[in-house]
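Sharing a structure here in structure tokens format.
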Amino acid sequence: MSKKVEFRLSGAGGQGLILAGIILAEAALRDNKNAVQTQSYGPEARGGASKSEVIISDDDINYPKVRESDVLLALTQAACDKYMQNLKENGILIVDENVEVKDRDNIKIYRYPILRTASEIIGNKMVSNIVALGVIQGVTNIVSTDSLREAILERVPRGTEELNKKAFEEGFKLANN
Amino acid sequence: MPTSITNKELIIKKDWCKGCGICVEFCPKKVLALKDGKVEIINLDACIKCGLCELRCPDYAIFLRGEI
Amino acid sequence: MDKKVKLMQGNEACVEGAIAAGMRFFAGYPITPSTEIAEISAQKLPRVGGKFIQMEDEIASMAAIIGASLTGLKSMTATSGPGFSLKQENIGYASIAEVPCVIVNVQRGGPSTGLPTSPAQGDVMQARWGTHGDHPIIALTPSSVRETFDLTIRSFNLSEKYRVPVILLLDEVIAHMREKIEIPNEDDIEIINREKPENDIGEYRPYETKGERLVPPMASYGEGYRFHVTGLIHDETGFPSNSPIVAEKLIKRLIDKIEVNKEDIISFEEYNLDDAEIAIVAFGSTARSAKSAIDMARDMGIKAGLFRPITIWPIADEEIDELSKKVKTIIVVEMNLGQYVYEVERIAGKNCNVIGFGRANGELITPDEILDKIKEV
Amino acid sequence: MVSGLIEKYFRYNRLPHIWCPGCGHGIILRSIVKAIDELGYNKDEICVVSGIGCSSRAPGYLDFNTLHTTHGRALAFATGIKMANPNLKVIVITGDGDCAAIGGNHLIHAARRNIDITTIVFNNNIYGMTGGQYSPTTPKGEKGTTAPYGNIDKNFDLCELAKAAGATYVGRATAYHAKLITELVKSGIQNKGFSFIETVSVCPTYYGRKNKKGDAVNMMKFLKDNAINIKAAKSSDAERLNGKFLIGEFYKSIEPEYTDEYNKIINIFQKER
Amino acid sequence: MVSGLIEKYFRYNRLPHIWCPGCGHGIILRSIVKAIDELGYNKDEICVVSGIGCSSRAPGYLDFNTLHTTHGRALAFATGIKMANPNLKVIVITGDGDCAAIGGNHLIHAARRNIDITTIVFNNNIYGMTGGQYSPTTPKGEKGTTAPYGNIDKNFDLCELAKAAGATYVGRATAYHAKLITELVKSGIQNKGFSFIETVSVCPTYYGRKNKKGDAVNMMKFLKDNAINIKAAKSSDAERLNGKFLIGEFYKSIEPEYTDEYNKIINIFQKER
Amino acid sequence: MDKKVKLMQGNEACVEGAIAAGMRFFAGYPITPSTEIAEISAQKLPRVGGKFIQMEDEIASMAAIIGASLTGLKSMTATSGPGFSLKQENIGYASIAEVPCVIVNVQRGGPSTGLPTSPAQGDVMQARWGTHGDHPIIALTPSSVRETFDLTIRSFNLSEKYRVPVILLLDEVIAHMREKIEIPNEDDIEIINREKPENDIGEYRPYETKGERLVPPMASYGEGYRFHVTGLIHDETGFPSNSPIVAEKLIKRLIDKIEVNKEDIISFEEYNLDDAEIAIVAFGSTARSAKSAIDMARDMGIKAGLFRPITIWPIADEEIDELSKKVKTIIVVEMNLGQYVYEVERIAGKNCNVIGFGRANGELITPDEILDKIKEV
Amino acid sequence: MSKKVEFRLSGAGGQGLILAGIILAEAALRDNKNAVQTQSYGPEARGGASKSEVIISDDDINYPKVRESDVLLALTQAACDKYMQNLKENGILIVDENVEVKDRDNIKIYRYPILRTASEIIGNKMVSNIVALGVIQGVTNIVSTDSLREAILERVPRGTEELNKKAFEEGFKLANN
Amino acid sequence: MPTSITNKELIIKKDWCKGCGICVEFCPKKVLALKDGKVEIINLDACIKCGLCELRCPDYAIFLRGEI
């Protein structure tokens, strides 16, 4: 992968994608890289953002927004439909198994049961975002996996460490199987 | 008037339902349930057409048609 | 990863900077996209013995920080467009009564309620001219999270040093983005505190300046100096006066204390300007896009460079004048439909071509757009 | 297909509304419209004005003359509207923050003038729109994003405040007690003067989550279990009332209305001419 | 030569003050200072804050920590002062316009928080400083330069309003009842919480002249004849009370004070450290 | 003496003009030196079936006139510095919601409470930039009592025609001086009323403009068009939108409707400019002093002339540009420490020498002072 | 007298000098002249102005304030002391009998019992301003006396016409005796 | 204490007096009068040193000295 990788994590509000973006960025920092995380809001501040963007780079990052992403995570159909057109040529698309991907050339598509893994295997749909992180790491290997593990543990609410650890590993496994 | 009751029809507008569960909880006859985050009628026969679901649905997604 | 290296949001860096600068009082009223500044202040201030209060509105918030500052606490408030408009009357009060305080305005799309969650740079002129009457003002505007930390400290320092309200102009992009920041050690941070009077209590004249200095020493309420403060034109004793001579002297001193110290107050960044033929003037988040655009232009062999005002008011007139003698064209890029460009045009217009490029639709201007503009020239 | 009430009075092509799942605001809004329907007014004679907040988004969904103003100022805009055309039935929809924080002054002054405006507060005890800061009605000790250690502010009793300021009709209902809302709003609109109706709403997203009040259903149950109608309260013993709050019609009086009084001045000169 | 009280507490080199002959404000101000004297506070611990208006010129004459702010905002500035240094005894002097028109919101919120500030309104039922416009306390039917045909606005009962908003000490006196002012102010300052004292003043220049109330002496007589102490009123028959207004101590309660409550939060963390 | 010839105060002429223009609603809050406008409105409005209300503050006053205007009445408010600052948020609302209304600001000494009874021209830039975000504004400034009458009418006309808040900037001198005025016959007064929609009720889109016209027709509440008005960015239907395209279109139209119609909006007076080598730019009461100074200068053989902006915003850029090509020096005289001069410098600075001459001490600048300045050059 | 005459009427607040200035200006208008009247205020609007200025001219009047007056009326000592220095060379000073005029060359001084005439002869000190107008007219003849009489009658409160008429005539007489 | 009464002295600060007449009206012993717009003592002997004049003088122009 090139020096600068741009991620767009998309889905419905409440799926914790902002947190996922933050963790990804923090993992990059642990690897001594630069990272910028941004997001978009609904009307006023209310309602969860449905989009979180992360740029990871060895260099300084000036323009902080993602125009065309290298990697797109889409947990819902709506998100996929909306953002797929802004995925780069040869970009990576990671979607939940529920999402149907319309035809597009020159992209790599990865489809996993992210939401189901969270709700059925981990037993808590709140951790879909961490499962997704596992998948992303499995697919892209963008940061060192240990950094990402540490970053997750540092950010998740106290008492949920084990749950989230498991979520990450399950996601990671999905992509590595 | 008993006729009025039977004249009414219980309607669900699923695309507006946000699955809050309020109608389910406060239906006196357990007519309703949530499934996949949306309301569903599970026991229409029990419905007494009281309109309490309509009264308290924040999203206008359930109502009685044919009110007189 | 070093403990001091963190991923941090601009709004959070603002609070961290404020507390490092010595802020011990925050009064505010929530408004997107500044709210996190209030929220984090509410959380952090009591931990350092400071105080947070959510007032009934922005007018009251501005009033409360002036009251607290007069009572000796370094004070700040944060808001966004609609709230900034409401604070204007009391910002003027802080100017004339010379009360140090910091007002953060996280700019969002205007006018009116506008686009509450989208970025803009539409309050640049308001920061200078928003309150009635002639008045001094300092406004700073950061381009990164780390700079937000630094400039918040600098806002307090300038405010304390010159006894003026200082406006920290953020924009939604800088306020909400998270990036890497390395918090400096406490010892490496320069802190300036207001000068205190050395007079005997009976002799203290709260608006008397000595010698060359244009800034009077400042006592706090409750310290024994029982002084009077008013928003009316007042003489050196602090009491109102209708004398034109007193009025002229006061207003002139208020303006002069900034004017004379411009060199100390003004800061800016120059990027690739040495051989530039085209200079971009941009600030805040827009300057980041401009940098990318300049890199792209340079790659194409176009000699472009960036002049980034960090102190946005007072304007760096001498530097811009110099610049205008060296370049052929200055493009002022801002997330509005033309504000700072007026000032740049005033200063540079006689020496070079000045073009404005702005947009006010709630989206950050992209490097490509700027590049196109550069190529056009 | 939508219900008759919604079809008749709502701009239903703008639905579903932006409110969160289980937000009480939608229930209250429907109950208000029901009142208008029962009173039989023409849609053209109704003007609904709001400030800024989740609650203040309400007018945009209604097929009346509607105005979404600046934060806190709805009553001041509404005063201009009512003065300009006293034939309009002017209704203000506002939030606890909009009405009682930044807008507190306009509330007490509109009440004092007894101008014929019906004000309905969607009181969710929090600033919803900006993400959960405490408001002037957040109970002491509860949390908000700006009260991480518990709110130390005493909360207003909005009904007491409105009454002391001069309102001539005052009542309270809750999102659970939707029919009561309709009754109170009907009486409020019919009162020729300033009417103030507090409707206790639920904000599961912020107030509920911050304060571990459970989901929307739990919050609705709380309202059901803890509100006592003032009529019932009168015959209840102190113990049953302990910790409960009152709903119902609290106050009602007949006093000269502001635009009427102004018209009397105009009439002096019209007779002269 | 000046009186001991004036010499001790006033910036008497700034006297005579700007108030008109017979203006009640001077009487009230002296009575306030008397209260401070009787309480024996050090001058350094007193901070007097005002807004804009004739009444709000008062602090400039007093040898305390003094602040003359913007119109209507005195209580908001005072809140900052009190928060910054809870040891200061903070007194707000304000007018009926300053406090109840433009400043009404800050009044109700300061009262709600029960922050330890003693607010004294110089209520002359008019905007004096700007030349006689009607205020929120101008009685209905009376005239002001902006009410040439008689005021149609109902007036606030400021004491009721302050109480409903949350004040924990409320009372009223008049410029005639100067000793009562001193008593109320003493109790008000001693109350740890928000105290509200309405002092009915006289403005012969505008209110008096516009409304044919005679000169200052006549207006003072009116106060003497028409104010009834609440204690006396309790044992009076309705007839004697007819058309009269009440003075005295109206309300008193003990509740947690705002800066105290905040200090408790700080203390949690100080213990932690 | 003709019945129509009167000695009248500026503030009174303002009310007379307003009523002649069709004002039927006034909401205000007293403040020196604008109070007479409220007082006389209170007295006169009910006589013509109009309404006056004294609101609880300036914010409410501004809100009330917007509400009344939306309900079909021509509406006005009047204030001075501190109140003008408070009105800013809602002035922005009137801009974005395109609600015609007139805001009179009688300028007094600032900043803050300043010199409440003394004249100033310190709110010139605030009139342009006082509210947050990019927004359109028209501001007019009269130099005599008669012109106050005329320009109040013109303020209403422009406001109705372009659906913008129009600011009438008086200064204390003009507001309080009494001079001769001849009130024109009703028939000789041009009155412009807002364009009403011709659509069927179902088809009305309150912010839709047709053809070249940039100003949408305007219905009133209660007429049957049940439209929605918001201070958020909105599309042609009046409902909020987060689309950058919609935002850009709206803001640009708001700015353009003034920009494109500048010729119609801008007015000015030229005095002795034909052969002038030195031009004074001055407005309001200061222009009167300038005229005297020019007469004196001419007597001494100095070729001086006056350019008097009557429309102060938008600025007469083309005319000033022209002027700057003809004269050697422009002196901008204003009762402040330099505001309009910035704009004149921007426009004229590349062609001629631009000098500012200002004072902010509560006294009207005298002809002698201006003459001295002229002689200096 | 020259084409343009500048008056400064000074005294204590409440002496009605603003009204006197207005009446003088209105009389000038009746004579088809131009006139401008200005005044100064105390703090905010409260308290009477102590100074009223009138410029009467055949031409347009630009600068509306009076710098050096042609005529100064001073009803109190304080007013006389304050404004005398701004009386033109050869200017006219009209003072009440109570006022002591400090030495100044090249001015004409007229001293009359203006206040006493009002309180004792007319029996109402409120009309001192109108007595003063009579004196001014008697001394300067600046407007036509009939215009001034009409202007007075038009401005004074209903029911006080006779009183004011008498006040004017008494003042006029003072100066013409 | 009778001595305290006699110890006090009634003082007028004429330059501060604005002649409002309030002290005159409310003096219980008619000690005071207005002359030429200023207060004056017309019957000192009647004065009982009650201090009511001081209490209500808006201008602090009359007071008792030697208060104990």
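All chains are identified by letter, namely A, B, C, D, E, F, G and H, in their written order; residue positions are counted from 1 within each chain.
Rule of thumb we're sticking to: contacts are C-beta pairs under 8 Å (C-beta built on N, C-alpha and C of every residue); 3 or more make two chains touch, one makes a residue touch a chain.
These figures come from a predicted structure and were not determined experimentally.
Minimum number of contact steps separating subunit F from subunit G: 1. Chains touching both subunit B and subunit C: D. Looking at which two chains touch through the most C-beta pairs, you get C-F.
Per-chain Cα centroids separate subunit C from subunit D by 39 Å.
We define each chain's centre as the mean of its Cα atoms; on that basis subunit B and subunit F are separated by 58 Å.
Rounded to a whole number, the gap between the C-alpha centres of subunit E and subunit G is 42 angstrom. Shared interface positions of subunit G, i.e. residues touching 2 or more other chains, are given as 42-45.
Under the contact definition stated at the top, the residues of subunit D that touch 2 or more other chains are 20, 52, 70, 101-102, 104-105, 109, 129-131, 136, 149, 153, 262, 265, 268. Within subunit C, the positions touching two or more other chains are listed as 32, 35, 46, 56-57, 59, 82, 89, 93, 112-113, 116-117, 230-232, 240, 242.
Residues 52, 70-72, 101-102, 104, 127, 129-131, 133-134, 136, 145-149, 153 of subunit E are the ones touching subunit F in the complex. For subunit F in complex with subunit C, the touching residues are 59, 81-82, 84-86, 88-89, 92-93, 95-97, 107, 109-118, 120, 122-123, 125-126, 128-135, 230-233, 242, 244-245, 247-248, 251-252, 255, 336-339, 342-343, 345-346, 349-350, 359-363. Touching subunit A in their complex are the following residues of subunit C: 1, 5-7, 32-33, 35, 116-117, 173, 176-180, 285, 288-289, 291-292, 295, 364, 366-367.
Remark: subunit B residues 11, 13, 15-16, 18-22, 24-26, 54-61, 63-65, 67 touch subunit D in the complex.
Residues 11, 14, 43-45, 47, 49, 52, 59-60, 63-70, 73, 76-85, 87-88, 105-106, 109, 262, 265-266, 268-270 of subunit D touch subunit F in their complex.
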